[in-house]
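These are the structures, in structure tokens.
Look at the two complexes coming up: subunit A is in both, with subunit B in one and subunit C in the other.
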Partner chain A sequence: MRRAAWVGLVGLAAFVVAFVFLLAFSLALPQIAFAAPPIRLWHAYRGDEEKALLEILKGWQGGAVEVLALPSDALDSKLASASLVGEGPDVFIAEHHHVGEYRARGIVVPVGDAFEGDAAFIEPAVRALRDGADMWGVPLSPKCTALFVNDALVTKTPEDIEGIAELAGTLPPGVFPLVYEARNTYAHAALFGAFGGELLGKDDQFGLTGMGAEASLALARGFIVKGAVPDDANYNILKELFKAGKAAFVISGPWLAADLGDARDLKYHIEVLPKVRAAGQPMRPLLTVESAMLTKPGAQKPAARALAKLLASRESAELRARVARSLTARADVPIPEGDAMLRAFAEQAKVAVPMPSSQAMQAVWEPANRAISKVLRGDAPPDVALTEAKRRFDTVRRPLPPPASPAPFLIVFGVGLLLLVLTWVRGARRGDFTAELKRSKPAYAYVAHSVLAVGALVVAPLAVGAATSFFAGNLFGETASRRFVGLANFIDILTAQGGSLLATGSFYVVLLVTLLWTFVNLFFHVTIGVALALLLSKPMLRMKAMYRVLLIVPWAVPSYITALVWKGMFDRQFGAVTGLILGLNELFGFHMEPISWFAKFSTAFTANVTTNVWLGFPFMMVVTLGALTAVPQDVLEAAEVDGATRWQRLWRVTLPMIRPTLAPSITLGAIWTFNMFNVVNLVSGGDPDGTTNILVTEAYAWAFTREAKYGYAAAYSVLIFLMLLGFTRWGEWQKRRSEQRERELRAKEVTA
Partner chain B sequence: MNRRPSLLESVATHLVLMVAVAVSLYPILWVISIAFSGKRPPEARVLPLLIEPTTQHLGDVISSTRDGHWLFGQQLANSLIVSTATAAIGVLIAIPTAYALARFRFTGKETGVRTLLATQMFPTVASAIPLYLLLFKLGLLNSRTGLTLCYASTSVPFAIFQLRAAFESIPVDLEEAAMVDGATRFQAFLKVALPAARPAIAVTALFAFMSAYNEYVLAVTLLSKEEMFTLPVLLKSFIGEYKQDWEKFAAGSLVVSLPVMALFYVAQRHLVAGLTSGGVKG
Partner chain C sequence: MASVVVRDLHKKFGETHILKGVSVEVPKGSFAVLVGPSGCGKSTLLRLLAGLEVADGGAILFDDRDVTRLEPRDRDIAMVFQSYALYPHLSVRENLAFGLKLRKTPAAEIEKRVKHASAMLGLDTLLDRLPKALSGGQRQRVAMGRAIVRRPSLFLFDEPLSNLDAALRAQVRVDIRKLHDELGATSVYVTHDQVEAMTLADVIFVLNKGVVEQAGHPLEVYARPKTRFVASFLGSPAMNFVEVELARDGTAWVAVGKNGLRFPFDGKPFEGRLEDGMKTTLGVRAHDVEIASSSSTYRTTDSQSVPLGVTLVEALGTESFVHGTLGGSSFVARLDAQTGAKKGDTLDLWFKSLHLFDAETGVSLRKEP
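Then we have the complex of A and B:
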């Protein structure tokens, strides 16, 4: 009989394994590819530019091409993660200034014979992509911003930008004299350039400092205070305002012209950007050269190189000029006669500043954006904001910690292992250990396969992830500057990188925010959930089932969807929350201002909490409903007979009785909230300035947006894990203590 | 407790509940409104009324194609295949383990349970990169198999705990009676315990399916080929930093979430029953 059982078990295990493999194999079948894999081309075009690209590809004879269109921010991060392991594209189109960063990560290589030669292209475009003898991309189209003028609103462009701002008050109500993406470093660089400044100084130092930078910021802030410029216009708002005739002048690039294609009754023309009176010089926007670049695998395929060459060829340039009205980087393609727009951009490009392509440039954006936002909101004067920005820049650009010797760690690890083995052996020496093992054998038959599966799928990746925290540098790329740094990452985090413990971005601040986040959410989850459950469990309530079904809806909808929906509702211009505020204004005669939810920590935090409470109260409600059904009626009736009021019955009988059942759910809810990535990442995205980041989103940012510091992010994760472990252990200890105390009390009662 | 509530009390209760329902449904009504509205006025509104009702956006999302292939269909299939496989693998691995944890005492049991619990507390961020490398070594990047393996790794521990609670709630006497009648342990497991646990197994499988279907972070990090996207990645792609296509996002959300919401309603009663019947001992 026993043997039959064993055979049965082995059979089951074999079946499971076979099933898993069959599943895996059948799922993998579609990947058994055809002979020659297609050339992969990635881009971030939309609209007419995308059309132009696809038309160019129609004339391509060199084999299959697999095209992937991505939003521009996604393109950058996908390139990073996919190229880590050679799963990226062969050719991709990106702006030239990314070259420095891609080179450092080993993503791109020189284009070799895909480059036709210096003579074919205009000089600034070649300069932007050349380093020494190598070309690191083929130039396609230079882009910069220029001045769009609404002909219906103005007949003559003022001489300088201060003049434009002075138009405020002379225009119809609700119309801005000037709209540009004021908070964006890229846009602000044009103003800064008039003062002679460059974003990256000599030796890759932070360039947005000094008198010129402060003057440019003060000027921008002045415009906003005067009401001449909206302070938070992003590209969408800029486009909508210009289309609706609510902006006399906007500063934007050819992409706006492409997007305005369908606004046929909008009369506008494009000019070179004006001078800045305070600087006495014209504005100098940044020039970016859209280029086709080759990845390492791509450069080895002659077909991919030929494709890149085609993209930069004369025919393609002419096609792009025709279909998408793109400015070309080629020297031998004339600007079509009568195309005033292209002429204006070509003129502007002459005074534009090529964006620096050094890898350090990547570290400029976040600190600069934050500083500009702060000044424009009026939260800080220019000099304070810029000093902080420089400090942030220097922090990210810090050299890696020096490699540490793994010797002490190996020793500690070895000793630990030895101790473990010793305790195990000692335990095994106990007389009944072998008997215990024998008794355990049948259980092992059931558990063996899962130990293997869980070990390989769950424990191994987590262990590797934790081990990553002991390393720093470019961990997985070809240019392996990886090094073992021991506890350096942890020390860095716990000492807040040598700065003040409560400076923004410090681990402790993020921890405090996370704790606040968890407590506030839990408080509302529990009170709202329990309150609703109590209401729903009233015996005489009608339509109970309907209420219950409808109140669970927030829990039923996938959380990433609702997070994005709430983000949309909190949008200051078009969101439903603003609508509510305006509606209340109308109804009650209030004069509340629509709130810019993500501009301040308090309001952004509130937005996050609102979303998460909305998402989470149904769980608590349902758990409480279940717990309430287990409350015995007789106890409550006895209390009522004894003269307890409703409130007293609630507080002294019902709630204490459901507490033990609620406790594990509350713990679960606390852990989920603590690690709630979706809401914080999708609703506020950490805004403003990363202050609403909780620990998990901060860790993610370190891994995926701040120069890929995976080791640092891994150390963060280990710390998060240790804290949660500590918390649950503490909870268990508390429970054991209270149970023991109860036992002691009861023992006393018996003996009394 | 059986006295009739006063009129005031009834009205107040219903009022509060109706407000709660309105708050719960408000964002959903907006999704429906945006999904089915034509050209909306560029201003903030309060009531999610339909403007120029149209099914255009729904059509745009569902009929998206690439090179003549039905792209949306492919992405939908990806989500369904990955979620089903995750549920199947998770449940298959968890059932015998959960049974052992519920019925047997064996060396290493407590350590095993502790390890499983601990793995639940490690944030997904940390496992994203090593999982990526693991998949690369196995040649399973950008594949449904790879994603399924990642999801299964997170669903197995949770399934084990849920099923353990289920098995623990089945009285041992039934199996013991069977064994007294001559059945082996395994037969008792197969013929008595498993059928009794069927509803719990179904619910666990449902939850594993839904978690995989709704998973966002890993999918968005690990998938870079459009035709390999699962539905969450597709929906997120409509809302970028510069270009936000709320209409398509809303229409897509409706298509993606309605089936899983229906499933959720079926399953949620049982999940909570498992959590509150004293099953979660830590």
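Then we have the complex of A and C:
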């Protein structure tokens, strides 16, 4: 026994050493593996702009550069998550207004000597990136939207935007007078700007309120009602419509010009945005300055700083102007003669409003987007929607809870620890303790490595996450306002921040939605799964094997792929469901309207449920199939002889007999559905207005889209965990109680 | 209670022809046993009577009512399965009440019948238990109770004692017969155990390879088997068979076999069926032999004894089974315990009674009465 124990211990030690070594090695690999690791450059360019960037890099002499191209929203989220683990880029290209948020998250640092100096750049660009004495990025290219005009459809641009809208009816059928991303706050800001409004007011207050904002929204809604503007165009739709000649005017930025590069036969030109008659002022789009920024590790590398400097240099600016026709932020690069597009954008930039880079700006988008969506759908009047938006903004921006003293918690924790130790000591005092310990040594050796693995991979993150819930504020970064707040986060959540318990976005509303979600899904999972299993277990069915495989496929395909495919199918404009409706209309002469799935709670919820049911029924089916094999044939025959019809046999014999097997599966299914993040996030994304959010997606939003409130989100997660724990414990308790009852009954009989 | 008539029933499973034209008549109120070796089709026949299988040809009539195509629930039958087939999720009381509940019997009636059956079978203390908390014998009784409460026209038993231990089997066998008599029921009982068949049956049907080889009262079938198979199937130990040739000796007949077997016998029971030089199988039951001695009552003039070479003696106290060879075949004789036979001895035996079967077809050569 002894020898085996020693061997076990040595083996364990060797494993631990190897594990630690591998871990350290892999973490240090980037640094030690290569003499000079490549500089990592991330960007969100496409088309000609990407071409320009790569050409610039061709002239770079300072060592290897690893370039990563990402879609713009992916760039944002990848930056956040990668920087947390030090896997982020050294240099990245993003729009200037993100600086505030990145600063708060500790992602970026001042660029230092990568900035050539004030004189080299135009003033608005420098202003957008400066804070005090520090430059937080090097300006590359100012971007704003302007008016694209399809020359084949119109010869003269009307004086104001109302005039453009009035063109409706005079254009060929199916052609919109104006297409812009109406639901997008960024695009709407141009209209709002004509009324003199700014998205972020003084002292970082919510700016989209007041008469001007309401007027701009009423105007936009008017356009949609008139049919002059499509109500839910996103960038892709806008691009396709313009390319196909279905839009006379579109409002978009130089990125559209880059993307239109391949549409050779499209005749268009670019102008400054028109006036707004109702405001008497021209539209004022937001100005964003594309900049190269440095991350903390990047700023420490001279080569990275030099690369950033190169990207903003005169030569690069000239190259970009030539290859990608992008406007430059440099003061010393003239606009190429005869380039009407660049001239138009340059003119527009003069009246554009630089997007605020305050961290508060981050909190503007979600409420503003929702309010605009609501108004444009006609679900609410502008004043109601905007009041709601301001309330949401204030909720996210509200001051952090005051720091609390950790003393009471430490005391409780300490006492708990003490009690634990005391019980251990008491247990150890037992006579046979050392003998038992010795006997168990080999067992400990066997179990040790899995305990370590589970501890490191499961328990530790759980504990850290739970601990995070006791903190608030920015947990990382230079503006670390991290503070211990005790149970303040939990109290905030459970009291719905002092507001009405049933206001939208409150914990209880989301909990109700989650419970409804879980229940409805489970119902369909179980009924469909059991029904299919019963069908598949019929010996008469041919090609059973083929059906079984086909029916497993939904479960086998990764859930996020499924979710994205279904989301596409539910798209009102291009989705397969709409196609089905239109097809049925044609075939049977119905007049069904294509449904805008994500415009209403009921339809968005249905879309989510459909996707999740498709995903989840195979699990129930497989479990039921297994359970059915355990139902003996002769019991069913006995029931048949006793007089049961097929339905009665199913209901009174088969189902009760498989229930004990189904019960744990249903519990599992309930927990998985309760926490089904992928489907809700990817299919409806919480639309409309976050009403279809379930608890996990709400927690995610708090952590990753609403100003990094990690503590708050962690508290959400702890609450979810406690609820599910309670649920399973209750189930256990029920089972134990019924077993106890049965045992008592039997005991009574024996003594009777 | 119903009578059961089966006419020329056929049943195939895929290519296998299980029942090849079976006809059976069970009078009202009688206890019929279907007996035969594995694979003979007795269980299939029972399941066809129950309606759990559909016949490929032929007819089944309960009391002149054609039920061949009826569902089990419309046949007014109750069945006791070999594995009892109790509903595992229901208590004993609920098991008993199940069929009645399905037919919407009023609760008071259900209560009465359940009480009655429970008293009959001694289940009163077990009513609230689940089947998993019962012993094999108890489960058996619940299965029977479940059939009894239904008060059907016909009871069907599918080898209900096979899963019980030997001691219990004997006891429950008696209980089943008693129950049948008390209820005045018509029962059809399937078993492969010929002891059960002999003790329980009012009428016995011996099946082999999908046909009924013989039907009749157990003692009748025992004493006058119509085929070699039936003769060998009933009786324990099994009937001894010896290949012999027949020879005439004046008016008497002699069975001549190997190893000096030469036994004259009375040809009257076989009148008209015997031929000189015919090859037959001689069948003698173990208890139909006697040690040859001058005081034997079966001795006829000119009779000769038959030698048995003893190879093994099983002494049971009251009797002994003496194994050996006779006429070149193995032979078992049941003799008094006092014979004092030992291995290696040669005993001279008389046959108190014998059977003759055609050597090829196995059909009995006994004259039909």
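The working rule: the second predicted complex is superposed on the first by the 667 of 752 C-alpha atoms of A that agree within 3 Å, B and C clash if a C-alpha of one lies under 4 Å from a C-alpha of the other, contacts with A are read in each partner's own complex, and residues count from 1 in each chain.
Methods note: a contact is a pair of C-beta atoms (placed from the backbone, for glycine too) under 8 Å apart; a residue touches a chain by one contact, two chains touch by 3 or more.
Worth saying up front: this structure is predicted, and the values here are computed from it rather than measured.
J.: Would you sort A:Val635 into first (subunit B), second (subunit C), both or neither based on which partner it touches?
T.: The second partner, subunit C, only.
J.: Which partner does A:Pro406 contact after superposing on A: first (subunit B), second (subunit C), both, neither?
T.: In the superposition, A:Pro406 contacts neither subunit B nor subunit C.
J.: Does subunit B (first) or subunit C (second) touch A:Pro656, or do both, or does neither?
T.: In the superposition, A:Pro656 contacts subunit C only.
J.: Contacts for A:Pro302 in the overlay, against subunit B (first) and subunit C (second): which applies, first, second, both or neither?
T.: Once the two structures are laid over each other on A, A:Pro302 reaches no partner at all.
J.: After the superposition on A, what does A:Ser559 contact: first (subunit B), second (subunit C), both or neither?
T.: First partner only.
J.: In the overlay, work out which of subunit B or subunit C sits against more residues of subunit A.
T.: B
J.: Answer with first, second, both or neither: which of subunit B and subunit C does A:Ala627 touch in the superposed model?
T.: The answer is first: A:Ala627 touches subunit B but not subunit C.
J.: Kindly list the residues of subunit A that each of subunit B and subunit C touches, one partner per complex.
T.: Correct list for subunit A: 637, 640.
J.: Under the touch definition given earlier, write down the residues of subunit B that touch subunit A in their complex.
T.: Touch list, subunit B to subunit A: 1-2, 4-5, 10, 13, 16-17, 20-21, 23-28, 30-31, 42-46, 48, 81, 85, 88-89, 92-94, 96-97, 99-101, 104-109, 112, 115-134, 136, 140-145, 148-149, 152-154, 156-157, 160, 184-187, 213-214, 216-217, 221-222, 224-226, 232, 235-237, 239-244, 246, 249, 253, 256-257, 260-261, 264-265, 268, 272-273, 275-276, 278, 280, 282.
J.: Considering the complex alone, what residue numbers of subunit A touch subunit C?
T.: Interface residues on subunit A, with respect to subunit C: 632, 634-635, 637-645, 648, 652-653, 656-657, 659, 742, 745-746, 749, 752.
J.: Enumerate the contact residues on subunit C facing subunit A in the complex.
T.: Contacts found on subunit C: 50-52, 71-73, 77-79, 81-83, 85-89, 98-99, 102-103, 125-126, 128-130, 133, 146, 150.
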